[in-house]
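Heads up: the structure comes next, in structure tokens.
When the chains are written out, they are named A, B, C, D and E in that same order, and each has its own residue count from 1.
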Amino acid sequence: MNKKDCIYRLYDIRQAYGGRDVLDIPEICIEKGKSIGLSGPNGSGKSTMLRIMAFLETPLSGEVYFNEKKVNGDEPALRNQVTLLLQEPFLLKRTVFDNVAYGLKIRGISENLKDRVNHALRSVGLYPEEFAHRRWYELSGGEAQRVCLASRLVLRPKVLMLDEPTASVDRRSAVMMKEAIASIRQSYETTLFIASHDLIWLNQVTDIVFRMYEGRIVGSGTENVISGPWHPDKDGLWARELGDGQKIIVTQPEKDTSVAILDPTSIIISLEKPAEISAQNILQGKILQMNMSSDPEKVELHIQVARFSFTCIITRFAAEELNALPGLDIWVIFKATSVSWQ
Amino acid sequence: MNKKDCIYRLYDIRQAYGGRDVLDIPEICIEKGKSIGLSGPNGSGKSTMLRIMAFLETPLSGEVYFNEKKVNGDEPALRNQVTLLLQEPFLLKRTVFDNVAYGLKIRGISENLKDRVNHALRSVGLYPEEFAHRRWYELSGGEAQRVCLASRLVLRPKVLMLDEPTASVDRRSAVMMKEAIASIRQSYETTLFIASHDLIWLNQVTDIVFRMYEGRIVGSGTENVISGPWHPDKDGLWARELGDGQKIIVTQPEKDTSVAILDPTSIIISLEKPAEISAQNILQGKILQMNMSSDPEKVELHIQVARFSFTCIITRFAAEELNALPGLDIWVIFKATSVSWQ
Amino acid sequence: AQDQVLKMATTTSTDNTGLLDYLAPFFKADTNIELQWVAVGTGKALELGKNCDVDVLLVHAPDSEIEYVKAGYGVDRKQLMFNDFVIIGPKKNPAGIGGSSVAEALKVIESKKAKFASRGDNSGTHKKELILWENSGIEIPDKEAWYIQTGQGMINTINIAAERDAYTMTDRGTFIKYEANWKGDPPLDILVEGDAMLRNQYSVLAVNPKRCENVKYDLATKFSDWMTSAKAQKLVGDFKLLEKQLFIPNASE
Amino acid sequence: MGYISEGFISALHLLSSGNVETYSAVFTTLKASSLSMSGSLLIGIPLGFLLGYFEFPAKRHARAVVDTLLALPTVVVGLLVYAFISRRGPLGDFGLLFTVPGIAVAQMVLVIPIVISLTATAIEGLDRRLRLNLLTLGARGKQIALTSLSEARYAVLAAAVTAYGRAISEVGISMMIGGNIKWHTRTITTAIALETGKGQFAMGIALGLVLIFLAFAVNWALSVLKRKTD
Amino acid sequence: MGYISEGFISALHLLSSGNVETYSAVFTTLKASSLSMSGSLLIGIPLGFLLGYFEFPAKRHARAVVDTLLALPTVVVGLLVYAFISRRGPLGDFGLLFTVPGIAVAQMVLVIPIVISLTATAIEGLDRRLRLNLLTLGARGKQIALTSLSEARYAVLAAAVTAYGRAISEVGISMMIGGNIKWHTRTITTAIALETGKGQFAMGIALGLVLIFLAFAVNWALSVLKRKTD
């Protein structure tokens, strides 16, 4: 990885809680000013990784470099440059205004305090006239969440980390948050880390999305992550049952619990079950959703196969040819060799 | 409304906090066994409505009938039949197992306790072997949320209310929750109320979705809700600016803050800007997302116009004709008279 | 037969000196009565009797006792024994008092405004002190800065006097204990002793059974009979604290 | 200063030599404080829960009254209880004066306000979400109370520890109501007062150390218990 | 029983007639308790925060020690402090014995453990999310302490109220260190002890009521303050 301009470099970071390993990042460099997404199932270590990078938690082992300097006892000073919106919203027992102003006050910033707070509130869609004087408990769930976000935005930090910022936030506010994030990036070159389950939203606000699985970064972007257990199938291939009789066939994994990564572009979609084809995987599914892709020439399909949801990216042209529409029954085709292992 | 078999009937329910009106439901009947969705922006009163129907809060005025009996001082007994998963997850300071078992224990149910708890945990995707003994703080955000849900599912209540159950829950778990909900409905004829911002998921688990806005139910299903302010435009019509120069034109509203409802099926989509057409609204937008609709012959499009997101439902045939795909620039067309007022 | 229990209220001096601990086993052996006592100030002891909470009183404030009997609260007052008071002061004796005349000593103290610590707690000792001032023709110097009213027990008052270089009046028994606490070298010495006015008379009274039906008048009588018996009187005379006799029996007077 | 070190040595001596008077006072102290603590917790914790959990118009005033009772001096409690249980008082027939149960009753008057006030504070400090969660899980009355108290267990324990400290260390009540009768109602604290009154400061300190030792044993046991329920 | 009603009447009389002895005792009490409370809060709250906020190996033991100190009898505290400030003690030169500041110092010894223990409990009872939120907002050291204490304000106030009750109602220390010297160091409680010792029970109750009245005034003022910060 490129060593210049890494705002963060992590080496061999491991974390464990009560004897369970929950994070294992061999090496990573995050460039200054980038916007990084984190996605992955519950318990995959997203929040843990954010807490470590926000200097709230010391990893079991490994080294964190911030701005090319090894972090070692100077966390309190660094916390002034890095702020994390925690997953569970929490407000101090004071008014909305005082909550948002808190971080500025402890930094000794009193200039334009009111303007800055009001601006932050407005940027998350809360009118200061209506909300500034409210007490911490006089808010709906989504409003509280947005006040928490405003109290981070107002700090104009070097690094802004958001853990599930859109959970319980309405659609219009999510759009506003997207704009607020874009604006803070542009004005202050803020580096961003955002963990979210809302992949569509996440794709819109980040440059790259890391997929996490059981404490590891298993890929980036929209890769399909297929977890085990794998068991031997015929012809030296291995399989994973999907529960409805269908199964995914792959080449031999390292362990039976290994995680397979399947690139969404290596999936072929067909309206008919193909008769003679070399690919081992021919699975029946249904298009659930169609989304814009980061590449304007492509579209992203979410296809449900049994309980499993595949993401696959096809060209607009292919989509037009197929007359792809949500609800359409189709076949998902890929080769046993197109998975890579994590 | 039909009077027979209403598990809930509400008359003239009003609620206010600190002098602000937050809920106003003139009359509504909910049939036994139905699954009702609630959607709407933050602060629109979803949680308040759920709290009132779960007998956790007494409205300022109005009457609640439960099973055709007026609720009046017998809330504690009724709370045994109705349970609400609150928006903010909260666990007792005990193990996961004891949290899920709590409701059963206070009901004096000890038979098959372990099996029931384990079954509930499994139904939200948590392996009992891995999670049952964990303490309340040894969980990730989404795991905690799911434990909370399990502690409600295990009760097999007559009425199950869920406030944002999928916030911070991963996609696969959301699918499992969907199945768990379907199974409890089928086995125990549970009536369901679910508030969520995840409209796609919500549509899949509910029979009807009420749209809320500023404390009122302003429509049901996927209607577009267009809030004011409205101001007079030419020809006796009124308009709402969208911010990018475009505006929505409607017939005269009652007040300038009235809320307009636009049926998604009354919207026409066109690839070209139509030249001669009587409809007043011809707005430029982009398809963001395509989803399955509850009617298998139709598809649902989410179209972004300025900051506004329109939902419109067109036939599969029309979609194929248009070659509708996410990312496509299109025109949204509807008549000034097709809005109704709330 | 079950032990019979006699409840007595008494002043702190009889308890603090260990006299009762010494007498009680003999009393028990002779009469099979267990003596239980509450050691409080004389005023409080009398009040407990008034409320019928004890059966018998052992106190040392003759004037109050006579009034108490007159008011019908107590009966059968018998005098038992006496010890004496002494006036003590700093070794340096700044006011230069001494000898055996209490009146002279107090007058010197007053005229020189030498510090004097008074118990000021209505105890037998305090009442005695007030009488001494009166008999010396001096008004009670309540608000004088040199007159320190401690409102506390004897030992504490002596300690305060020592800390403040003040004179005070104490019963001899307490002073002997105080001396012993300092291993025989206390900061205060006896300066005035032997005046007839310094006698400290102890008496026993039964609580009036006509007012208080619950009291064990029979046991109380047995106790006062025993205490005035020749055997008990000898025991009192033989009681020694740190090798010194404390009480002089005088039931026969 | 001398008597502090002297007191240390005496304390060790008293305990190791099995001094019967000391042990009698220790047992009386334990008896009185166990009785009064059981009573106080049984009465004070439920009342504290009610005061902390419910909102009612006079709540603020009720609270101010309970907090005021924290300032009750032991002598005054002693006097008040004495007025009731003295032979000529309304409860004179129970014969509680100069008995250990009498001490315990009076200590309860002293200690119950502490338990109420600190329990109420503990309950008020609970997460606002707890109440709604319990209701919606179907908990009622006693179940809500028990679960809330168990959620606030450390703070309730702190209330009990504070109350225990107050009960075991008070002297005015034991003196007034117990009467400091040797072998019967002499507690460690009244024995200390007696020794101090005699000028035996070293002995006073020694007995004080015995008391502290007792209190430490109790608190240490509690801290082990606390770790178990963590 | 008679004492109680008699005491009531005397109390009103003492206060309304402007009885100089009573007022002298009231002022001494106020002076001593204000001094000791300011000192105790200044020392106890920071220490309580440290004990409650940080995790360290000996925490459990430190806690058990502090809780044990809650059981310090006032006489023992009096004796210990006396040993230090008596003329022959190491701090004898300050001349604190038999003065109001002397009482205050000794009361601090009594009351600081209460403040520490209850403040620590208050801090431990805070929402776990608070700590992380403060850190990530950039708060450090004193800011974390102040914000945490302000979040736990009711429980910290309860600690102060409990400590105040203890300080204002104790008698052993004021007796031993103050000396109960009329016009100088006689507090309400030592006056009560004196009157009770004299057998003037009604007067004791009357003075007790005066004290309670004082405590109520303070608590009522606090409850008004509390509502303001709500």
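One rule holds in what follows: a residue touches a chain if its C-beta (ideal position, glycine included) is under 8 Å from a C-beta of that chain, and two chains touch if they have at least 3 such contacts.
The model shown is predicted, which means the values in this text are computed figures rather than measured ones.
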Inset, instruction - Give the chains in contact with both subunit C and subunit D, ordered by label. - result: E
Legend entry - Intersection of the contact lists for subunit A and subunit C: E
Inset, instruction - Report which interface contains more C-beta contacts, comparing B-D against C-E. - result: C-E
Legend entry - Farthest chain (mean CA position) relative to subunit B: C
Inset, instruction - Please report how many Å separate the Cα centroid of subunit A from that of subunit E, as a whole number. - result: 54
Inset, instruction - Give, as an integer number of Å, the spacing between the C-alpha centres of subunit E and subunit C. - result: 36
Inset, instruction - Averaging only over C-alpha atoms, locate the centres of subunit D and subunit E and give their separation in whole Å. - result: 17
Inset, instruction - Would you please write down the residue numbers of subunit E that are in contact with two or more other chains? - result: 127, 176, 193, 196, 201
Inset, instruction - Return the residues of subunit B touching two or more other chains; collapse runs of consecutive numbers into ranges. - result: 88
Legend entry - Residues within subunit C bordering two or more other chains: 156
Inset, instruction - Provide the full list of chain pairs in touch. - result: A-B, A-E, B-D, C-D, C-E, D-E
Legend entry - In the complex with subunit C, residue positions of subunit D that touch it: 86-89, 97-98, 179-182, 184, 194, 196-201
Legend entry - Interfacial residue positions of subunit A with respect to subunit E in the complex: 51, 54-56, 76, 79-80, 82-86, 88, 90, 92-93, 102-103, 106-107, 151-152, 155
Inset, instruction - Please name which positions on subunit D make contact with subunit E in the complex. - result: 1, 3-4, 60-61, 63-65, 67-76, 78-80, 82-84, 88-90, 114, 117-118, 121-122, 124-125, 127, 152, 154-155, 158, 161-162, 164-166, 168-172, 176, 188-189, 192-193, 196, 201, 204-205, 208, 211-212, 214-216, 219-220, 222-223, 226-227
Inset, instruction - Would you tell me which residues of subunit C are touching subunit E in their complex? - result: 40-41, 43-48, 120-123, 142-143, 148-152, 156, 160, 163-164
Legend entry - subunit D residues within the subunit B interface of the complex: 127, 129-130, 132-133, 135-141, 143, 147, 150-151
